[in-house]
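Before any comments, here is the structure.
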Amino acid sequence: MNTDVMPEEVHDAMTFEKPILEAENVTIRYVDQPAVRDVSLSIAANKITAIIGPSGCGKSTLLRAFNRMNDFIPEANMSGHILYLGEDLYSKNTDPVEVRRRIGMVFQKPNPFPKSISRNVSWGPSINGYAGESSERVEKSLRKAALWDEVKDRLNDSATGLSGGQQQRLCIARALAMEPEIILMDEPCSALDPVSTSRIEDLMLELKEHYTIVIVTHNMQQAARVSDYTAFLENGNLIEYGETDQVFTRPAQKRTEEYVTGRFG
Amino acid sequence: MISGNLEKRHKIARAFRVLCATVTWASIAVLAVLLAHVSFEGFRWLDLGFLTSFPSRFPEQAGIKSALMGTLWLISFTALFSVPVGVAAAIYLEEYAEDSRVSRFIEVNIANLAGVPSIVYGILGLVIFVRFFALGRSVVAGSLTMSLLILPVIIITAREAIRAVPGSIRQAAFALGTTRWQVVRAHVLPSALPGIMTGVILALSRAIGETAPLVMIGALTYVAFVPEGPMDAFTALPIQIFNWASRPQQEFHQLAAAAIVVLLTVMLLMNAIAVIIRHRTERTR
Amino acid sequence: MGQGPSHSGAADSLLKKRKFRLKEEAIKTILFLCAILSVVTTISIIVVLGKETFPFFQDVPILDFLFGTEWTPLLVPRSFGVLPLVSGTLLIVVGAALIAIPIGLASGIYLAEYASDRVRSVVKPILEILVGIPTVVYGYFAISFVTPLLRVVFPSTNIFNAASASIVVSIMVLPMVASLCDDAIRAVPSSLRQGAYALGATSFEVTTRVVVPASLSGVVASFVLAISRAIGETMAVTLAAGATPNMTLNPLESIQTMTAYIVQVSLGDTPAGSVEYQTIFAVATLLFVITLSMNVIAHRVLRRFREVYE
């Protein structure tokens, strides 16, 4: 396989005092083909961690492992451990539904429910037995997602009538309404125009005060702009992981340098 | 250059095209003639009295009250049994089935059941429902038989409707920390509902015209009353048509034609509803 | 769970131990039972048919049943050779196939290759509605329209005859054949058509030498399904073809099909357990086996066709 990349010299482990997520020797295979190979990394709380790499490098697969969304892909098969505040996400006693309540996700393409704007936000809490005033929570979540002013007069309109950028912010509001601790974002801006993209990037910077964000992106400028830490994945291997600033300006690995300077990928 | 006798080849092409078109329109014309014939024969007998009288030995007094009401009873109970079970089976196969070998087996089984002749279902109904469960020749026995017959159709169409719901919706819902049933009930079923309804209506309209299974379970008796409960004996429109059509007298054939007009009208209405539902959802999407 | 970084109580089961979700499991079980009902139905059919067919074959040797040419189970001397019923069915099916297959294919070609979108959008729903016309209605067409017409043309025609039933059965399966052929032909990628046109072929040549051969498995599957439906057809043949088990090739004579025989016995008062009663199960078993094999063949053929184009 990748003989030019030796895992031990690659992994200058980032250690955090209280990592919110820890992947330990995670390998994920589709049938036989490994998409993620023996990856170990820790995610810091209340920071934005970007996972970058060329398409097909396994970054989305790794991200989806963090809230067990790969459970829905029968061919996907994982070994290793992922710890959430020290608890194994994949232990026999773990309830994947509970995992996803705490670790929310925003997808590549905006995927609002074909329901009203307010129902999109309130459905998650209501199905999970949230007893409080739902309109209050809708407003709070929409405000946090910087969408409130644009939709406050049409909360009962169908969400499918919103623009792409608004839909994606609605999806963020929908995830926030569950009050998760972590929000996983799988290339959240790849289907959006530059203006919408920059709004969402601003939003992420605001949100990190209260939430931990892990974002997968193939847009290196985006990773450089928003993230505190950056992990570079190639061909399923974790090549480099460090502070964003360092990864982009003084990468330790040659492969990383080639990638961030745009020589390939 | 190869000339290839183009003129002749073009002539053949044109002739073939005309032939295909002619054959198509001719067959449609034949069916139109048949439908016109049955309407013409039947219209004379079609009046309020025909709809509100019981069958009789005297053609001029005969009507389809018991048959029409019997069909209504039969279809209502068939819907009651088959729709929940069929939709549930479709949900299981599309949303829950993990072991692909089991679901593949069930799938092949359903496809094959859809091709079993309806008279075989009639024999099944006769032995199982009429005799074994001692339901007699009742509305319930008929409806259960009919339900087994149309279940494959309902399951197949409901699965298609469920499959058409985009996976991104399911993913979004799961990512909020919800269980499968919550996702199905709140998102998958509402989105698939129009498609499911269309399939159900078409399946029920097939059930309305099915005759052979009812003949087998013995619904072909002289019934001059309207069923008052699910355990009552009954007759149905297609049975009444069969009864009248198998008599030698011309008048009874015309009565059969009149009953056919009623039956086809009911079916056409159901089809129209299905088309409208389909049309409306296509537009809103 | 609040917002913010208050992870103090991290040690204790933040991710609730997976409790047995009773409601979820109950729902899943119910749904599974509904899905498995189809398998139960199949088993029931086999058990119900087998339970009466086995004792029947203890009285009547199976070879006498399959190859006997005399079918008189209700009259003395009794004879249980099913061939007259099979030949009656075949006569109907062959006649119907001879009419419905070429016309259905031609209509399918017309709809897929030649008809404008507007024509297609009108004709296709009509076909779907026609597929749903009850078979008893076709029986009525046969006795009140086709048979009188036949008797004008061929005065020797019996009141009950195979030809009339055959014709209406062909009309009955025609919409299905046309619709399925249309689907199969339209599934052929247009790149294939364009490739053939680019070689200077006429529309006839493209259709008959490239498109139809490419869609052959779908087209053949529609034929097999139509034939299977014609074999299982009951009411039209009961009304129009008569009740005379008759080994004949003359379509103007009265015959009896397997299905019509089953109806005939069920209309009479046959005590359960008697040999007459058992005959309908033996005949139904034969019918079930024939139609099942045809459907299996059709689905095999169709599956191959899917593999090619998806």
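Read from first to last, the chains carry the letters A, B and C; within each, the first residue is number 1.
The criterion applied here is as follows: a residue touches a chain if its C-beta (ideal position, glycine included) is under 8 Å from a C-beta of that chain, and two chains touch if they have at least 3 such contacts.
Since we're looking at a predicted model, the values are computed, not measured.
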Determine the shape of the graph in which chains are vertices and touching pairs are edges (line, ring, star, complete, other).
complete
Out of B-C and A-C, which chain pair has the most contact pairs?
B-C
Between chain B and chain A, distance of the C-alpha-averaged centres to the nearest whole Å
49
Chain centres from averaged Cα atoms put chain B and chain C apart, in whole Å, by 15
Distance between chain centroids, defined by C-alpha means - chain A, chain C (Å)
52
Chain B: which residues touch two or more other chains?
179
Residue numbers in chain C touching two or more further chains are none
Tell me, which residues of chain A touch at least two other chains?
98-99, 101-102
What does chain B use to touch chain A in their complex?
98, 100, 166, 168-179, 182, 186-187, 191
Spell out the part of chain B that touches chain C in their complex, as residue ranges.
4, 6, 9-10, 12-13, 16-17, 19-21, 23-24, 27-28, 30-31, 34, 37-38, 41, 84-86, 88-89, 91-93, 96-97, 103, 105-106, 108-120, 122-124, 126-128, 131, 148, 151-152, 155, 179-181, 202, 205-206, 208-212, 215-216, 218, 220, 238, 241-242, 245-246, 253, 256-257, 260, 263-264, 267-268, 271, 275
Hey, which residues of chain C end up touching chain B in the complex?
21, 23-24, 27-28, 30-32, 34-39, 41-42, 44-45, 48-49, 103, 106-107, 109-111, 113-115, 123, 125-126, 128-130, 132-137, 139-141, 143-145, 171, 174, 178, 200, 202-205, 207-208, 225, 228-229, 231-235, 238-239, 259, 262-263, 266-267, 272, 280-281, 284, 287-288, 291-292, 294-296, 298-299
Help me check something: in the complex, which residues belonging to chain A touch chain C?
18, 20, 45-46, 84-87, 89, 92-95, 98-99, 101-102, 179-181, 210-211
Spell out the part of chain C that touches chain A in their complex, as residue ranges.
1-5, 7, 10-11, 13-19
